Amino acid sequence: MKYAKILILAAFAGLMIYGSMGLPDRADPDNRMHQERSITDTVVAGSYFIREAYNDANTPNMVTVVLGDYRSIDTFGEQVVVFAAGLICLLILRKFRPV
Amino acid sequence: MREQFESPIVLLGARLLSPYIMLFGIYVIFHGHYSPGGGFQGGALLASSIILIRISGGRIISRLQIREFFTTPLAAIGVIVYFLAGFVAVLYGGYFLDYEALPFPGDLSPAELRYYGILVIEIGIGIAVMAILVMIYDHMARGEDYV
Amino acid sequence: MIETHLPAIISLNFLAFSVLIPLFGIWKRELCQPLASLGAGISAVFSVYGFIYYLNEIPLRYLFGGWEPPVGIEFVYDGLSAFVIVVINVIAFIVLIHSRQLAVNEFPNKQMAYYSVAMLLMLGFNGMVLTGDLFNLFVFLEIASLSMYALIAIGDRAAPFSAFRYLIIGTAGGTLYLLGVGFLYTVTGTLNIIDMAPMLPEFAGNTAVITAVILMIVGIGTKAALFPMHGWLPDSYTYAASSSSALIAPIGTKVAAYVLIRVMLYLFGIELLDLVVPISYTVGVLACIGILYGSIMAIAQNELKRMLAYSSISQIGYIIMGISLANPFGFIGALLHILNHAVMKACLFMVAANLRHKEGHSDISLFEHSYRRKYPWTMFSFSVAAISMVGLPPLAGFFSKWYLVLGTVEADNWLFLAVILISSLLNAVYFFRVLEKVYMKNPDDEVPVQDHVGENNEVQPSMLYPTMVFAVGLILIGIFNVAIVAMIMNMIPSGF
Amino acid sequence: MFDFILGHYAYWLTIILLCIGLYGIMFKKNLVKKTIGLTILQISVVLFWVSIGSKWDATVPVRDPGIPTAEVANYLNPLPHTLMLTAIVVGVATLGVAFALLVATYNRYKTLDEEEILEQIQ
Amino acid sequence: MELTYVPLFAVLVSLVAVVPILLSSHRPNLREFWTILAAVIKFGLVLMLLPSAVRGETVVLDIIEIAPNVPLQLAADPFGVFFAVIASGLWIFTSFYSIGYMRGAGEKKQTRYFASFAVCLSSTIGIAFSGNLLTFVIFYEILTLATYPLVIHKENKEAIAGGREYLAYTLTAGLMLVAAAAMTYYLTGTMDFRPGGVYGGLDISAPMMLAVFMLFLGGVGVKAGIMPIHSWLPTAMVAPTPVSALLHAVAVVKSGVFGIIRVVGYVFGSDAMADYSLNDILMVIAGITIICASLLAFRQDNLKRRLAYSTVGHLSYIVLGAALITPLGMTGGIMHIAAHATMKITLFFCAGAIYVNLHKENISDLNGIAKVMPWTMGAFVIGSMGLAGIPPLNGFVSKWYLAIGSLEGGMLVPVLILVISGLLNVGYFFPIIWRAYFKKGGPELEKYGEASPFMVVPIMVTAILSIVFGLFPDLFFHFFELASAISNAIFNGGT
Amino acid sequence: MIWEVELVLFLFLILTAIVALEAKDLLIAVVTLTIFSFTMALMFTAMGGIDVGFTEAVIGAGVTGILFIVALYQTTIKTND
């Protein structure tokens, strides 16, 4: 079992290094995600945020705009996760006295 | 959680520190539009200030601040604020969470509407995160027990 | 109005109820279960309505915040997601009705939080099915997973520990999925599935994309209990409370399998998957091993719920094998099996719950033939579901196997064909073992039959009827499966 | 070659962190240690996302009136940062649930060692 | 009169009868009344289809689509009607006989017994009228399930072991059939049964064809009891005797051979069989089975087991008829379905009567019983002679056509096999008759008399039927006419 | 972003991660994990993710640490590995 685990760990490391070879250089402004248009000529979300965030929401902090507006359902889901965590603690640790 | 800790110095330090952390947390929530920060960070800071009192003072003192019982409804209120911000937009003909459709009073441009929409949900997040982090702490500190 | 907002209504309705339940629950504890059923019922009605509505409409894309997809997040309500939504919501509705007595019996002092968390679980599953954004999928995955850990932790003495192990494995899986999404995002610069799919052929052969595929399959496979990542499942299902396992077992792994379909067939497409490494074939082989492993382990179990858990591993293998075949028949088989297996497993776990409720155990070695007198209809449901599981016509299980067999034949994949046939036999072994115990008197038993047979002692209607609904549903699905297949055929992804 | 290493060393170091986290999950018997491993794994993934969001010669994603937003290269990509905010909070929620389960487990078995608990279950 | 829905009603009538049978579980007379009513109605419905079948017409009814472009289709073609007439006709006698047997032996759970019996017959008629492979598979599996409660009826260890073995064999077979059907669908694009086959003229590699054929053979061959996979059949003898009679004479095993002829004649077709020399395989298997089963029958002391091995042998006559792929051989094989059914059911009825009356199962205990049960033993003699192929009886007719058929195909070995097997048949039946008639029985026989009329009358009727059909094969049901029409259809590419 | 700073931080991260996993006392492990989180926050800031850095500092280093400590208070700080 221990050797199997070591094998898994090695396989994971190997896979990650193999994958990292195909990744573009870090911080290179020519990366896909930093372009204005994608290769299928659709809008690239990240660049759109930089250009339009202030015009759309009057807010200088782009992260806040993305968080609160463009991807607000993500944030909503995240809030639900936190809410779920609270409820779950209640569920697991609290017992209500029998009626 | 213990009923009470017998360390006045620690308690005093915590009581001195706590309001400033809380103030900073509120600042972070409301200033999230202009600088790093927002609902989560602010909520977490608020929670830290409350938990600080709870750790240093014990149960009896912390009751004077926010009672354990109120954290769950507070969390629900936070979620409901966010949910309503989306739902009201639906009622006024937009998509869910489409702040342009929100009926804020006054004659506001879409960008300003979004500005206030974001502010509303940040407040909702702040309340919920604060309440829930405190809630998790409370449950953990009491262990498995009857209410 | 309703049509436009249908995806949001179906999923977010659960959230509204999960907040409502604590509010009303503090006031009156008995209201929790009806409210939960009501919430699931509303979503079920809307999803059925949406499914019918979909039949004559183009796919619906719900734009949250009104932003166009690559910028904002969308819910994609097309045939595939509408189908799976109907399956999970209707089953959740019926299971929640069934859970009333169980909750009173097993955790009377935790009902309020339980139903609230169950609603969040359904919110997570609905979101996972509907969302068209890879990161949003992760968020909903975490909602569903967290709720799942919690529901599993309610139960026997060992339940929290098994839930903790599941949490470790499941969160690691979710994290790996997130890492895979990160790779994809680095390469393509987008997160939207519909936006990303046409870009990926440009990056064919890129090692990062291949790694991303593997990481995502491993991550989701953990949730789906694909073979090497199945370790959490038997303990969790066994030790969880009966109502939890009846809720989680039919739905949880199916949704993960659905996500695998989305990722493997819609996002990457089968050519891209097999370009450098034959990933789809590897996944298929893993599914095969899982099928055989699950069936063999199920034979060795004495506890009914544990047996069903192992059988789940093997049945999930069928679905994933159907996906990996990547031809129309395999696809039909996989989707039909999502439906069939959900109904069958719900029925079987509910039977186990009924037995636990009445007898206090579900240990197969203690089953006796008086059960058929005591619980005639429960045992009827069990027989129908078991026979359907084995895959005998004209019950539902036969037809999904039939399409899978057609798929393997079309792919010239004799190994998979043999595995399906062998595992059907193994299924027969472990289900007929139970049926034999229930329907036949023990030959070693010297007690005369008349003294031994109990009175009709059937469970109360609130538990019996849901069980029966599934049993009858299996027969109906079997007879009218062609209507379902006709719908599924509209969903077959392009490129097959 | 140097450019390649400069562009990729962060990935490799992140991979080391990921492997440390995975090692903690798989090899440690103590449940708290497993949780620590899980935390390391999660934060490492966050690090990966943040590192891919970086950009040479760009400033933080807060609009500075002196730097034009029309030129995308001037600002960092805010999207990965946003996503990672979410991921961190999800991580802490998971941690909360994990601790609740830990406490419940400890109350039942009076130990946090996985093997001892498994022995007790048998 | 519109015949379209008659096949459906014929299938459904006994299925519907299950409900009143279950409801009247505490009133035996009413329950058995329902059984017999259903049997008579079913037989009448099947007879309604007979004239059109004799004219060579097929009544087709698509009930519902169960897979894209594959309906659940009932098609009462001549072959189906032929089989349905035998099955439903003999069910009437079996019902009467069951009443006598079950009451005589004081069996438990008779309601379950009669209900399963009804389902069994439903699926048998369904098999007979199946219009395509998928329908066939469905009814085939239902038959498997419905027979299981009958096999384990006694619920002792032996019965449970027998039931397990039965399930293991037949479920495996069902799966192989599913695989074979899927491959056929993939290779030919159709699942219909067509006289002359659907594989003709297709360019398929030989190993593939062999694989499909072997899967089919495994699928239907298990129920047909061909040799390496026959062993469930003797084991299943633990069931009550009417069940054995049904299993071995009418429903299950005949469904198997019916399936083999369907596969050979309607799926593969004679051309494909000959082109890929698949018939050789079938013939070798059939020949080996005939000889080995007859030899094994000698070793059995249990009467029912001896009859079981005899059944295994005789089923392979039919398989042999199919394997000859000559029109006359096919005719002989099909005729033997009817002939063997009437004769073997007579023999099993006799065995059951002896068991109920004297509680004797072993051949060595049968000394002198002819004096006690003259009618029963008379019928037994007729049946066994018929099986051995003595001329005036109906076993002779089918054997004759089999022999002619093999000569027509220019083969001598099958004729030889038939002759040897006929001798062996005589060999293993003769000791029974000899003991019954010429050995002196023990004193305890004095207190017994003939079995109850519920049992003796069906025995006599079936015995007489086997004589009548031997003399006039076309009487009443046009068996011979039908059989030759069927083989004509198969070999001349449809009527 | 200055890669020399990042490299130092990376080395420190790896060091703290290993210590956090290998420490024999769970309290030490948790404190080291907090240091790890805080270093990670610095790292995020160095890479330009000021919001992420802030969040990590507050939540990762603050709240997580508190939760760990409370969990240990409820259970035990003994460990075998």
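Order of writing sets the labels: A, B, C, D, E and F. Residues in every chain begin at 1.
We adopt the following convention: contacts are C-beta pairs under 8 Å (C-beta built on N, C-alpha and C of every residue); 3 or more make two chains touch, one makes a residue touch a chain.
Here the structure is a predicted model, which is why all the values come from computation and not from measurement.
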| item | value |
| --- | --- |
| Pieces of the assembly after leaving out chain A, positions unchanged | one piece |
| Touch-network distance, chain B to chain D, counted in steps | 1 |
| Graph separation of chain B and chain E (steps between touching chains) | 2 |
| Comparison of B-C and C-E (more C-beta pairs in contact) | C-E |
| Greatest separation from chain C - chain, by CA centre | E |
| Centroid-based (C-alpha) most distant chain relative to chain B | E |
| Innermost chain by mean C-alpha position | C |
| CA centroid of chain C to CA centroid of chain D, Å | 29 |
| Euclidean distance of C-alpha centroids - chain D vs chain F, Å | 10 |
| CA centroid of chain C to CA centroid of chain F, Å | 37 |
| Distance between the centres, which are taken as Cα means, of chain C and chain A, whole angstrom | 26 |
| Touching two or more other chains - residues of chain C | 15, 22, 64-65, 135, 139, 142, 146, 149-150, 153, 160, 185-186, 191 |
| Residues of chain A whose C-beta touches two or more other chains | 16, 20-21, 23-24, 27, 33-35, 45-46, 49, 60-61, 63-65, 67, 69, 71-75, 77-78, 80-86, 88-90, 92-97 |
| Contacts with 2+ other chains: residues of chain F | 1, 50-51, 55, 59, 63, 67, 70-71, 74 |
| Contact set on chain F toward chain B in their complex | 50-51, 53-55, 58-59, 62-63, 66-67, 70-71, 73-74 |
| Contact footprint of chain C on chain B as seen in their complex | 72-73, 76, 79-80, 83, 86, 90, 94-100 |
| Interface residues, chain E side, partner chain C - complex | 64-68, 108, 134, 137-138, 141-142, 144-145, 152, 155-157, 160, 163-164, 167-168, 171-172, 174-176, 178-179, 182-183, 185-186 |
| Residue ranges of chain D in contact with chain F within the complex | 6, 9-10, 13, 16-17, 20-21, 23-24, 27-30, 32-33, 35-37, 39-40, 43, 46-47, 50-51, 53-56, 58-62, 76, 80-82, 84-85, 88-89, 92, 95-96, 99, 102-103, 106, 111-113 |
| In the complex, chain A residues that touch chain C | 15-16, 18-24, 31-35, 38-40, 42-46, 48-49, 69-74, 77-78, 80-81, 83-85, 87-88, 90-92, 94-99 |
